[in-house]
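Labels run A, B, C, D and E following the written order; every chain starts at residue 1.
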């Protein structure tokens, strides 16, 4: 079934900087990604929507080399990067904002941020970028000498995003960047995403539960279910789709609600 | 004067433990792996130096340098070809693997160099600085002890600076704290780990070479000294370089004081294990050693 | 039919340390014994029986020794245990060995426990450590007039036996020990210990040590300018101790039951043996290989005397018939008899001169 | 309505940082009380104070009339306070079922010797625990995951398992730290249902921290907003959301 | 492919979850019971030794594999059990079967008391702390001459029952050992299916959340240590009869490391692992030794060959299967359970990444 997917996408964006073809990824015996193909155009923002456990994180991990797919290929700027170690991929210019707030707990906030610039050759520009990140997230500057392990959940999330920015990537993989952030910061994050994309031309691949925000920020969207892409389109059109509205945007609240109520077994008590 | 003599000996012995402990601590600091073969790597380093100096007849300094280099490369390769294959597996796998590797090293050394104790000459071997002399004897500082103390100071300083101030040093700490995130930063984690194994092996070899004139002879079992060095590292707080040396000093001085001043019956039952008694005492007061970096998990 | 004995073969075994802290002895001794058996086999064996010698390594660990013994006793069905190394290991193996009626022939440890309490299956060739150190204490007090006798020993069964010997002999001489110091077997630094003994004014220090922990204290004393006498047991009567750094150990004493063969100064027969050993084992001999060879030869002699009908009883009878037997490796003459399974209780005093052992006295006793 | 939990002048300092600064509030019976506030405001720290992971520098905490400021952390669950964690703290190398059974630990009355022999008493207790666990599994629709290892579950399911584990302790007060973060709209709705049911059907009071304002509005009876460790507003959801300080520091105008 | 339909809670509580278990464990049991029929005294004796180590390993497994606390000092508790057994038999006129549980409980009490200060330590600190403790305990065995015989050691009265004297190298004692092993296995399995066992696993995986679920961390750890040392002591008591003579240096670091090797090679976190590990670690060197007898003397007489080969095999083993034998067995089982739908990918090792263990 997965094998029979066409090698080219129905709507293929021109000049993809990242193209994923037919990847299949396993956790032990569990097949999490069942033949996914997607393209991210240069300078674009692409989003992947999907329920919990659909495999969004797994796709990002496969792209950045943290997991090896059993099949398929991942090409970045024309070169095959599948099967490489993640550090190699990162040095090629892909920054991954992982889920799960992966900070270096014993390093200070500042050292954490500087580690983000580890692979950069233009050492001179690092100081400026540090200022830029502090500008986005002033709280990080306040806490710059504190060990990162003691930051609050949201602060760690900011740190992880800021650290990825420090790498000056050409492609950013964002895995639920708004997770656990306050509403004001959620808006800010999407603002940053747009700004980086427009000002520095950073390409973005965005995974979000906050589908509304994601679809508004992105140009193109894929919908993932159980490890397969079931729909893909321009975001503006996805926003109009009834299914998307119902399942990802939570519009038609009452309808869904009523159905759920009815479906739920009330065995409790 | 007598007390000074005992203290100097204790300090030197403590530095020995500290030097060996540095090897553990380096690897732990950069990878959180615990290397149970550390003593055996030191043993191989000593035999490498022995081969170059006593058998091949190289001048001491040349043989020592070459021995250090060879051991360093060996450590790098050990990680690159053996340990790397289980990178990311639980700590325990690494512990058992290094124990097994230690078996192999001891057995191989026994096969190559035999089980007999050996020694090699050192230019400063036997030199002493006499501080005081009377009819019952003298108070001296042995050149071998002095070099050990100096060597320890230099190495600790250099390594401390390396971890604190160099980019690769911070990256090593980063990869020990969160391998996945380190990969995401583009840190070549595998290379970094092999590198630290190389450095650690070289440091062990330095320890061994400085140690050789002090311990008269060595054999393939000399690596068991590392057990006490382990205790030293733990007292200092595993992962802290100055801590390792401080822990070594605490144990070394305790041992010598116990030898010198415990009266008869206690001398018999406590002196031989005084180092471990002091270790227990320290751990009971500070269960994480003196300078450990431990955090309570933020939830 | 006796276990381990056929018309063409007699199987003997040994559990010893080919690895671990005392591997140099185990390796040397096993090679020596092997050579003795190989020589006998080359002559067609004893009464037509070839000797099959199975050596198991226990690395100086008790549980491994029990496993090794299990193999030798239950699988290989040995006739006798020859030169088993290590006091605790011998002790652990002995009960089952005795139950299996397998003689414990000249174990490679001179601990008193190897002969006491008496058992018909236990044989020891030479003086025990205990005998050696009592004789040494006796000698230095009586002959040299020393009053302040001390002990420096490793905290093991071996070290404690030496302490016991010194205390017992001093008691017999109406003296008290002047000072003592114990250390762990892996101790490398002895300044504290020497400082203590020096303060106690020891004139002679009896050493319950083996190789490195004999060299360490002796050199430390030298370094600290302390002139005192140090005496070790046969366990320190070793080429490495004497030859350390070509003369640094000059003046160190040890008790011994045999005499070290130095090929360049040895008589022709001994030299021939040394050459033969080198050829056989591929390395020069050590004291341990001399002892191993000696015990092998003694065993072959007993087999010869036991006659064609080899049983444990005939073997014991053969051993008990040995009177004033002279080992090819030198040493005091050995005499066994019913209820006396220790060949000799006397030992020589030797000293290091020009990096070599030199025997100073006739066999000493106390 | 009487107070289930009350905090008076809670303060905690970490070195120079005052993470929670004389905060007082009370949670009443059958009420959902929500704490909102910018990142680093000290919300999770309040949870940690209540579950006694941290010792307050100043202030008292009372639960059901008793002062629990000095109660050891492992007694808290037995008293009837259960919690979930912001960063998910499950027993990774165990199954969902096992995790939930651990949640029953505070209710177990057998001693280790009885357990070594697995006396009939222990077996009966096991049945009872299992019965309860199955109820919770049913309630939260976790049947498909019962035998799975946590390590194999997606984030969203883990969140539910955490909730389930907390429910297994049969609490009187439930502390939920960002129950809906990382969940899709649909799942967030489920959470809203569950919170309603927990409150109404089980009669459990809930203290919640959440950034999803739609969920907060939907389920909360009262809301408190914090900033920099201090309370800046308290009241109904609407009142708080229209408070100027809250708008400025948290919601963004 | 196997489908198991659950029809009652008992199915999850039972030792043998379905008929497959009955078949395989029944087969194992039969093999073990009939072993003396086709094995000689040598093999039986080795098995008995492996069993006494396996029992000690089960004790350590509870602590390391299930509670996540490392001990490098279990040899000392093994020794205490052995000495207690020998002393009880020497001092009182009781059967060895009565003495054994007393020795075990005695060891457990000592372990329990020592755990109170020790268990503030964790990880490597606990490992080295227990190592130091075992060195001190060993020294006590050496110095307490009136009870332990000091360095002279201590003979162990032979095990006898109603006038029948067991031969520790023979089938009769093997059955005693086997019975005790099965009993200990049952006790451990019982513990693991009840609240305390679950609390232990909870402590291993996350102390904070265990505490929030009402688990008393300190008490759980101390209980685990007590039970673990009691079981190890029982192994020691059995081993005392196997040894027949106790010397204080018989229970040193090398034995502690052997225990650790056993449980890791067997597979951490499974009772089966402790037993498989003991079989490998105890029997493999003997197998190498026997093989050596068939090698030409130039190789076979090479000193230090066994530990070297043993080390190499261990290295190869850990590289091949870091999860231990039981981990491998589970994979094999999975292969058959999901038979037609398995793929090679199922068994391929994914990249894995470590996180600091210094955060607790």
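Everything that follows uses one rule, which is that a contact is a pair of C-beta atoms (placed from the backbone, for glycine too) under 8 Å apart; a residue touches a chain by one contact, two chains touch by 3 or more.
Note that the coordinates shown come from a computational prediction; the quantities given were computed from them, not determined experimentally.
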Touching both chain A and chain E (chains): B, D
Set of chains whose contacts include both chain D and chain A: B, E
More contacts between chains, A-B or B-D: A-B
Centroid comparison with chain D (C-alpha atoms), farthest chain: C
Computed distance of Cα centres, chain E from chain C, in Å: 37
Mean-CA-position distance for chain E and chain D (Å): 40
Centre distance in Å when chain A and chain C are each reduced to the mean of their C-alpha atoms: 74
Distance between the centres, which are taken as Cα means, of chain E and chain B, whole angstrom: 31
Chain E residues counted as touching two or more neighbouring chains: 139, 142, 208-209, 303-304, 307, 351, 353, 356, 358-359
Touching two or more other chains - residue numbers and ranges from chain A: 27-28, 66, 105-106, 149-152
Touching two or more other chains - residues of chain B: 106-107, 110, 115, 177-178, 180, 183, 220, 268, 272-273, 293, 295, 297, 299
Touching pairs - complete list by chain label: A-B, A-D, A-E, B-C, B-D, B-E, C-E, D-E
Parts of chain E lying in touch with chain A, wherever the complex brings them together: 334, 338, 342-343, 345-346, 348, 350-351, 353, 356, 358-359
Footprint of chain D on chain B - complex, ascending: 299
Of all residues in chain B, those that touch chain A in their complex: 167, 170-171, 173-174, 177-178, 180-190, 293, 295, 297-298
Footprint of chain E on chain A - complex, ascending: 26-29, 66-68, 70, 105-106, 149
In the complex, chain A residues that touch chain D: 27-28, 30, 51-53, 57, 99-101, 139, 150-155, 157-158, 176, 179-188, 209, 211, 247-250, 253, 256-257, 260-261, 264-265, 267-269
